[in-house]
Amino acid sequence: MRLFEGLVLANERAGEGLLMMRVRAPEAAREARAGQFLHVRCARPDGYDPLLRRPISIYRAADDELWLYFDVVGRGTAFLASLREGDRLDCLGPLGQPFRIPPNARNLLMVGGGIGLAPLAALADEALARELNVTILAGFRSGARALPGGFVPPAAEYVVATEDGAIGHAGYVTDLVPSYLGWADAVFACGPTRMLESLRRATAGTTKPVQVSLEERMGCAMGVCLSCVLHTDRGLKRVCRDGPVFDLAELQELQWRAA
Amino acid sequence: MAGGVSLATNPTTAVELAPRHPSGLRLKNPVMTASGTFGYGTEYAKLVDVEQLGAIVTKAISPKPREGNPGPRTVETPSGMLNAIGWQNVGLEACIRDYAPIWRRWRVPVVVNLAGFSVEDYRTVAEALSATPGVAAVELNISCPNVASEGTPFALRADLAAEVTAAVREVCEVPLIVKLSPNVTDVVEIAAAVHAAGADALSLINTLVGLVIDTRSRRPFLGNVTGGLSGPAIRPVAVRMVYEVAKALPGVPLIGAGGVMCADDALQFIMAGARAVQVGTASFVNPRAAIEVAEGIEAFLAREGVADVNELVGVAL
Amino acid sequence: MAGGVSLATNPTTAVELAPRHPSGLRLKNPVMTASGTFGYGTEYAKLVDVEQLGAIVTKAISPKPREGNPGPRTVETPSGMLNAIGWQNVGLEACIRDYAPIWRRWRVPVVVNLAGFSVEDYRTVAEALSATPGVAAVELNISCPNVASEGTPFALRADLAAEVTAAVREVCEVPLIVKLSPNVTDVVEIAAAVHAAGADALSLINTLVGLVIDTRSRRPFLGNVTGGLSGPAIRPVAVRMVYEVAKALPGVPLIGAGGVMCADDALQFIMAGARAVQVGTASFVNPRAAIEVAEGIEAFLAREGVADVNELVGVAL
Amino acid sequence: MRLFEGLVLANERAGEGLLMMRVRAPEAAREARAGQFLHVRCARPDGYDPLLRRPISIYRAADDELWLYFDVVGRGTAFLASLREGDRLDCLGPLGQPFRIPPNARNLLMVGGGIGLAPLAALADEALARELNVTILAGFRSGARALPGGFVPPAAEYVVATEDGAIGHAGYVTDLVPSYLGWADAVFACGPTRMLESLRRATAGTTKPVQVSLEERMGCAMGVCLSCVLHTDRGLKRVCRDGPVFDLAELQELQWRAA
């Protein structure tokens, strides 16, 4: 984990409202593990609005580069979208606990919703390099929002579900989970809270390890501000430092909200 | 040095925050971290050489561990943020057991921030910590709601603020800093009362109470409804309060806090009368902010030919 | 409209700010300009169709013309600015002679903001203006220092605030708005006192007192030393105060101000309990800000299927 | 005067720390008069820090374009420097009272300090188009800071003074004024307050019209916030609306500051 300025090598449109950014960052790229994220500054160095950094998953780490895949949803990500080749990106990371592939697992099932697929792509890279079998179930709101094919490594099986039925299974991606659960030795997921809730129902009763990557609003991403806590069987845990990847089984909630 | 540029090559940056106290509270430079923004000092150790800081102020410690508030706990605002963490902390016992031994080895004073919901709470923690090696001083966060006065924070009434200060002073062997709230009509009145009650130094300001409504859900955004506003947005209010207190209580050691992002901000506080500053929200934006502020102050002194940072304290008054 | 998106094609945006007053103060939409940021309404007429606004609030008027403070009078701060204009204005006579006739022709209510340094000052101006055609209402800026109480602003003490409100109420025929200061421990106490003394509506907040030090000269930057902090930086504090007062005084018409830059900000104030908002500093950044806020509120109502903006007032309480 | 988005056509380094920006803005370019300025937003539309607009003189107005010449001194001007071809510049203007060339004046003396030369270049364009004679006295702190030759129209006489003596007269530009004052029918000046003070001394006693363009911090630039006032023989006046160009003779001060 380090504080560094990455050099933007490319930042291009890669789907409806999405961009893929390639950043040169040799040390960080070497350190990075699938499931970790960067906390990036989304303003000019001399401007204080927006003030806080934004967490963005490491989509891929290759050679000297870190790749980010992001959805433009607000002014932080709009700033990221405005960066061009040659600009600098102020980054903190890699941060957080990565996905952990269990030692004897051979068949990995990955379930992603929307941009939540980003860290799963990194995990698929890692798994395929270790010659494991990977199936990725990918859910999107609509055909227009579906991520382009090249988004995940071609050696992974890629199954799509769209809520509007435009591509693949018509419905929720978690509808597909039961048919793959028997095959899988471990399940990994990242996506909206609602998707993870469905996944919890779809995997209820299984003894197979299920790891999920969570999202919560972050201040520091260093574990000090306690913005990002939730209840687990091991007590209150911080998404930024104890997560973002957790064993689903130990989570008492996916976000701590007042009843 | 008529006409030329004067350069102080090795300016003195050390400041003393508790001159009336037998052990004193001497910082090698005037830059501290602000409570709640630097954990227990250990979390940033990978990125920051904490021994280069003037002092570290910890997250608030209460007698027992606390869970704090449900989320969302923070929300960004223009040039600032609201937080409503709710005093989540490991509690006194774990603090003494797990952290104090580490602090003891560091060559940087560690100030423990105290949370309490009754005078007794503060006394309990202060008494135990002032007997704990590794704790250089305590800072009372009197912005906590006081159960005995229907939840009115101690910090909002001079009588309550003085009462808790005096009670803690009796049992506190180490230097005692009291942290003032900006949510008052007359900060000078509170500062005077707290100082008269035995505080060695005053830190100001804590956060301004703020509220963000989520217009989509039509509900307050934070789990706790309101939160504390921090960051550069509040700096002008904080500098004004330091200036007012410095004018009214000359000689009382003041620690400025609120929106310090860079050395120039810190120098504003110092020139307004603060002997030291705390860097809070800035650490989230730039984990090296406190170190860079300390370096920037030293560079300013050298550039401007000021031999000792204490010469700048209150020059703008 | 089960399951579908409901669209209110022609939502009602009109609000009434003085229901207890015989003439009332009805605005076609809840967006007003804030005093001191829109001159006398005439200056922006080239860029903005002022008749599309809910109301215009003028620069403060005092009995005699005033020069105000030496410069610098403003300084930018993070997401905000400080101003210390010092009540420069054309005075009562010129206001009645030069501006009121223009306002009279406009199909938009003009509210005149009043400055005073004694109860008599406010009475003089209020009495004269309430007899002047073209003046729809007056807004008392009680943040001015009160000469009779050693310069303590009326707005900081409930007794002083109530006294001046009651005195003006006696001579004021038009609806009376009183503008509250945020620089107080308990805004609800002041709000209650002022309302009991006869205010038809309360506007809040005025600026927070702030200070910027120019570290080059080592002196306060502004000619007046301190200034009033406005702009998006203060919005969370302003929304919180509106929320507190709305909770404590249900039914009292409130006008929210402080950092409204866009429709979402205005909706936060409305959901927190304000019937209308004032747009101030935003006009400097975008001269069309107030109009765009009004348009944005209407678009929100249509999009969310809300038939009447009054349905949103205080929904977040 | 209007609120408009100009299209940045070019934004290039043009001297030490200086940039010249060409903005497409047909209506505003037609309206613009020498001495007027734009109030430009120096932040992304969704960011509020820096918050306020910055006043920048119209350096040249030609065809459909407005040209700006600016010195990067802080974060507002640093933002301007970051704009590239194709970006939009949020502008309010043209604002303020322009220079007024007296009806019978034939010989115009212009005195500029540093970037204060920008509005004088526009005035020189106007004067030369009317076939008047123009002499520009240009003062710079040092040779390195001197503006490149092409900065002013070539048909104008261009006389340089530098404080470090690297180019032209060694000393203040106002030292040169007495030798040109007899020739001149009118004097126009723009530059730092100190330069204008020297100019006042150098022109003391003259009955020739002397117009100066002043700088003061601005909030609105529309005449409402009263940030920018100073005492004149006609009472308090606003630099943004009653100025920035004033007759030197009527100014009781160049900036209103506490004694």
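Should a chain be cited, it is by its letter among A, B, C and D, assigned in written order, with residues numbered from 1 in that chain.
Methods note: contacts are C-beta pairs under 8 Å (C-beta built on N, C-alpha and C of every residue); 3 or more make two chains touch, one makes a residue touch a chain.
Keep in mind it's a predicted model, so treat the numbers as computed, not measured.
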Next on the checklist: By that same contact rule, can you tell me which chains touch chain C and chain D alike?
Outcome noted: A, B
Checklist outcome for this item: Of all chain pairs, the one with the highest number of C-beta contacts is B-C
Checklist entry - For chain A and chain B, what's the span in angstrom between their mean Cα positions? => result 36
Checklist entry - Between chain A and chain C, what is the gap in Å from one C-alpha centre to the other? => result 46
Item to check | Euclidean distance of C-alpha centroids - chain A vs chain D, Å | outcome: 52
Checklist outcome for this item: In chain C, the residues touching two or more other chains are 78-80, 231-233, 261
Next on the checklist: Give me the residue numbers in chain A that touch at least two other chains, ranges are fine.
Outcome noted: 48-50
Checklist entry - When you draw the chains as points and link the ones that touch, which shape shows up: line, ring, star, complete, or other? => result complete
Checklist entry - Which of the residues in chain B end up touching chain A in this complex? => result 36-39, 43-44, 46-47, 59, 67-68, 70-76, 78-81, 83, 85, 88, 223, 231-233, 261, 281, 283-288
Next on the checklist: Quick check on the complex: what are the chain C residues that touch chain B?
Outcome noted: 77-80, 82, 156, 183-185, 208-213, 215, 218-220, 226-227, 229, 231-237, 239-240, 243, 259, 261, 264, 267-268, 271-272, 300, 312, 315-316
Next on the checklist: Applying the document's contact rule, which stretches of chain C touch chain A when the two form their complex?
Outcome noted: 78-79, 232
Checklist entry - Inside the complex, what are the residues of chain D that reach chain B? => result 48-49
Checklist entry - Which part of chain D faces chain A closely enough to touch in the complex? => result 43-44, 46-50, 75, 78-79, 82
